[in-house]
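Take a look at these structures.
Each of the next two complexes has chain A plus one more chain, namely chain B in the first and chain C in the second.
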Partner chain A sequence: MLTTAPAKYRRKRIDPLVVLVFFLLAGVTAMLGRTICIMPQQMPGLENEVARHLHNSGVASPVTAVLLNFRGYDTLLEVMVLFLAVLGVWSLTRATFVGYMGDVSPVQLAMVRLLAPFMFLVAAYLVWQGSHLAGGAFQGGAVLGGAGVLMLITDLPWLPMVPARPLRCGLALGPVVFLSVALGCLIWSGGFLVYPLQAAAFLLVLIEAACALSIGLTLAALFVGGRPYGELMEEQPYEGGSGQGDE
Partner chain B sequence: MMSTNLLYSLTGLVLFALGLYALIVCSHLLRKILASNIMSSGVFLMLVSTAYRAGNGKIDPVPHAMVLTGIVVSVSATALALVLACRVQETSNVTLVREEYQHDTSGA
Partner chain C sequence: MLIFDADAWIICPIVFPLAASIFFFLSRRTGPVAAPVAALATGVSIIILLRQLLLFGPRHYYIGGWQAPLGITLRFDGPAVLMLAMTGLTGIGITLYARGYFSFRIAAPKRVGRHERQERFFWPLWMMLWAAMNGLFLSSDIFNLYVTMELVSIAAVALAALSGKPASQIAAIRYLLVSFLGSLSYLLGVVFLYKTYGILDLDMLQDIAGAAPGTRVALALITIGLLLKTALFPMHFWLPPAHANALAPVSAILSGLVVKGSFYLLFRFWFEVFSGAISIGALNMLGILGAGAILWGALQAMRQQRLKLLVAYSTVSQLGYLFIAFPLASLEGNMKVWGAVIFMAMAHACAKSAMFMAAGTIYLHIGHDRINELVGIRAYLPVTALAYAIAGVNLMGLPPSGGFIAKWLLLSASFNSMQWWWGVVVMVGSLLASVYVYRVVCQLFIIPEGYTIKKQYPRSHLLEWPAFTLALISLLLGLFAPYPLHILTIGSSNVATIIPGGPP
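And then the complex of A and B:
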């Protein structure tokens, strides 16, 4: 009894370092909050600048114009970051998810079979809408990724049979199309990501469609959290040669 | 309108501070990943609400475009971090990852 009481007491004692961190963070938060409060409420941003150059961008939506034209370099690198994340996940682990879900309710199966085509349609609509209203590659890609996750957790029987090579091509499609358009612009109009004015609308929709497909596949592949089995280059030597080992 | 905007900004700041505190104090890797997610949510909320400060009904599209890409990038970064954390737990000493569990059992 006497030995447990001090131990309990020691456990409940507050660490002075934690208290120090707490007060430091509270001070920083208070200063930042004060900065937010005294910032002018009417702060001119870049919206007038964007509106002035919007007719040169090829699209009517200011967010899409900023995303793919005015700050296209930024978005190109972000698409590359998504690709790198999939590469990192796939080089660390293998997929253990597909086929391990156990029993799926028939209601869920029927629901997802109805819902998934509709979600693909919504994703395509969002990508198309991105040129003049709110929408675009990232929204469409997110809906596609959601559809992919739904199909994965429903454990549709054909999902483990999806061949790996088209999946890889789809994952790389967005970055490849974006980069090749950027390099084509470098040759055609003499500047990296400087779209020629006549073709800008077509090029932006092309980039958006390819990126939406890649983003959707990326999100679904990240949800699986590992590289798929089969058709892996490095597996052939380890299997001892004859045929495909793990199918 | 103005006070709503201010409320969003301050909520974003509070989320950021909560996430930063948890990121420093909590030792568990999953908690650290969650904390960094909450921090990024706070930053996004603040950026989006700052876009409405342009006045006369206009919205600055530049922060919106940044947040749009940032959300997707933060999701993928979280996935990569989770896989890395699983890898750490598999390959390293269990006491390193489950320090709080050790603390509980040694204290009781």
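And then the complex of A and C:
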């Protein structure tokens, strides 16, 4: 007679470490919740401050004013983060994009051919709208990225033939424009990111447009997940194994 | 109106490497030639900042001309400039070494494509990392600090994975997850602070932060986040594989510089912003973890069979000394312990990057780093062997090294404040360090009977001399101890503020 039950009836043993971590996390969550409840709620934040200085920022939308003017340095670094993300992914591997289904239906093809130009338009409109309403580089860039992803999964024949150099330039356009404007301000008005008041509106839209393009390309490039072919010399991938004795 | 304000130099250590990074991404072939130029330019701008600090004292710089609660403030004072100098000095050394390293590897005929890829992406990633480190040291805004930390983490992870080996990629993914967990924890702490006080500026927070419940939670969250990134025992588990499996210049960057960034923030948060909210118990807790790190890291280092892993575990151990300073600072006065911490960080940055460079050079030449088979390295890599030994002297804390000064300051602080047990830990740690240093140095310098050099290796000065120079700097740092300590004390005088371009 077999005494052990079949595997599916046997109770799974629970790792005590997992239980410990679970209770720890639950405790921390409860503590955080309690703190939020007893925290005083009257703090206004910086909204009043932003409203007071909005007329000096060159744009009418407070969000854009904070993002690109009052805390423009943060956004400059955020744009660098996106740039760095592409840099990091490209440093790992070549693109082996697996999205080719082979049988893209004609409906999809026609749809994307119709949609993509519209999405570009919407993206441009969002960037322009950022100066007075909700919108801006990140929203526009997200729509552009979506258009890029749609075109990628539709397997448009010219996409794999996009040469590497213009792609690189497009990816770096936003960071380059932002940094150049910031340094130009240093020479023009004596301070890093101090926009001259007359030109502020134009400069902000310029930065937004360049960043939107770069963000869109970044998102599409991250979706592909590797650098384009022909970018560098070919290399053999590592074989699995000991992982020693090479570097 | 063309005005180039003298105060604008403060952004140069950030902007120069940032621009260099984008440039190296766009034009791939210029990296090896132009990187030393960019590194030198960054170094010069740091020297100018140092000079300004000596002449005019600490400053604030309002980016965009927006005053503190609205805009982002950069500040430079004694500790910030010393950390910048540490990064600059080590960074120039690493840049030169990396140039020699990659040209040596590309010169070898096998796997050219891989080495080419590694070099092409190393330069932009490293420059971006450098810019982010400088931004971190200079920033005075808690959200901006989060952004700079994000830049540091992503660049560091990408660099750690650059070698392409499965082992290094696994380690890099783990590093990524830990690093993001730390970042998110920090960000949650920032949210609590902003909800409680409605401001993000460090100096303003310092004036009003008390022991409110929101502050305590923020302190805990920020501390946990930063401890994860600094790899304090027992949160060090990600560090040895990530540092040991990376390429040699990357190991030097990660071990010498990156962990110091989050530690620096931690120290600033505890003794400047949250000084009203911390308790003796919390300080002692960090001290105990630091003591655990010293002993555990050293014991693990003694057990390792591979040189790079040994050096990586010694980083775990050396980071512990930095945390011993926490319980001492509460009783002994901040400035003196700041001195010990800054000395420890600077000396360790130079010595540890020199050690990793030496280990990398040895690996390149003999193709492995098994400690038991390193006999006779001195015969054909004399400068590298000497560099490793000198860096080891610094880790042991023998005079006149910077490590000696740091340990001396820690010891005297611990005995003055009647907390002699921390001093005992420091001494035991030094003793253990000498064990794991001698274990390797003996092998390097023994030349057995009848030993002949099997193979003629090509010489590369860029592989040997940067490591030697950095090791020498760490050794001689102790002789120049009064100057950094003088720079530190400048920070405590009154702060002059300048608004560039006037309020718009």
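In this section, the second predicted complex is superposed on the first by the 211 of 247 C-alpha atoms of A that agree within 3 Å, B and C clash if a C-alpha of one lies under 4 Å from a C-alpha of the other, contacts with A are read in each partner's own complex, and residues count from 1 in each chain.
The definition used in the following text is that a residue touches a chain if its C-beta (ideal position, glycine included) is under 8 Å from a C-beta of that chain, and two chains touch if they have at least 3 such contacts.
Since the structure is predicted, the reported quantities are computational estimates derived from the model, not experimental observations.
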* Look at A:G184 in the shared chain and tell me whether it touches chain B only, chain C only, both, or neither; answer first, second, both or neither. => neither
* Is A:V176 in contact with chain B, with chain C, with both, or with neither (first, second, both, neither)? -> second
* Looking at the overlay, what does A:N56 touch: chain B (first), chain C (second), both, or neither? -> second
* Asked: Is A:G136 contacted by the first partner chain B, the second partner chain C, both or neither?
  -> first
* Pick one for A:R71: touches chain B only (first), chain C only (second), both, or neither. => both
* To do: Pick one for A:G45: touches chain B only (first), chain C only (second), both, or neither.
  => both
* Asked: In the superposed arrangement, which partner chain does A:F192 touch: chain B (first), chain C (second), both, or neither?
  -> second
* To do: Could you look at A:M31 and tell me whether it touches chain B, chain C, both or neither (first, second, both, neither)?
  => second
* Touching chain B in one complex and chain C in the other: list those residues of chain A. => 32, 39-40, 43-46, 50, 71, 74, 78, 81, 85, 88, 92
* To do: Using the touch rule from the top, collect the residues of chain C that touch chain A in their complex.
  => 1-5, 8, 11, 15, 18-19, 22, 25-26, 28, 61-66, 69-72, 111-114, 116-117, 120-121, 124-125, 128, 131-132, 135, 143-144, 147-148, 150-151, 154-155, 157-158, 161-169, 192, 194-199, 212-214, 216-217, 245-248, 363, 367-368, 500-501, 504
* Given the complex with chain C, which residues does chain A contribute to the contact? -> 31-32, 35, 38-40, 43-46, 49-50, 53, 56, 69-74, 77-78, 80-81, 83-85, 87-88, 90-92, 168-169, 171-172, 175-176, 179, 182-183, 186-195, 197, 232-236, 238, 240-241, 243-247
* Enumerate the contact residues on chain A facing chain B in the complex. => 7-8, 10-11, 18, 21-22, 25-26, 28-29, 32-33, 36-37, 39-48, 50, 62-63, 65-67, 71, 74-75, 78, 81-82, 85-86, 88-89, 92-93, 136, 138-139, 141-142, 215, 218-219, 222-223, 225-226
* **Residues of chain B touching chain A in the complex** => 2, 5-6, 9-10, 13-14, 17, 20-21, 24-25, 46, 50-51, 53-55, 58-66, 68-69, 71-73, 75-77, 79-80, 82-84, 86-87, 103, 107-108
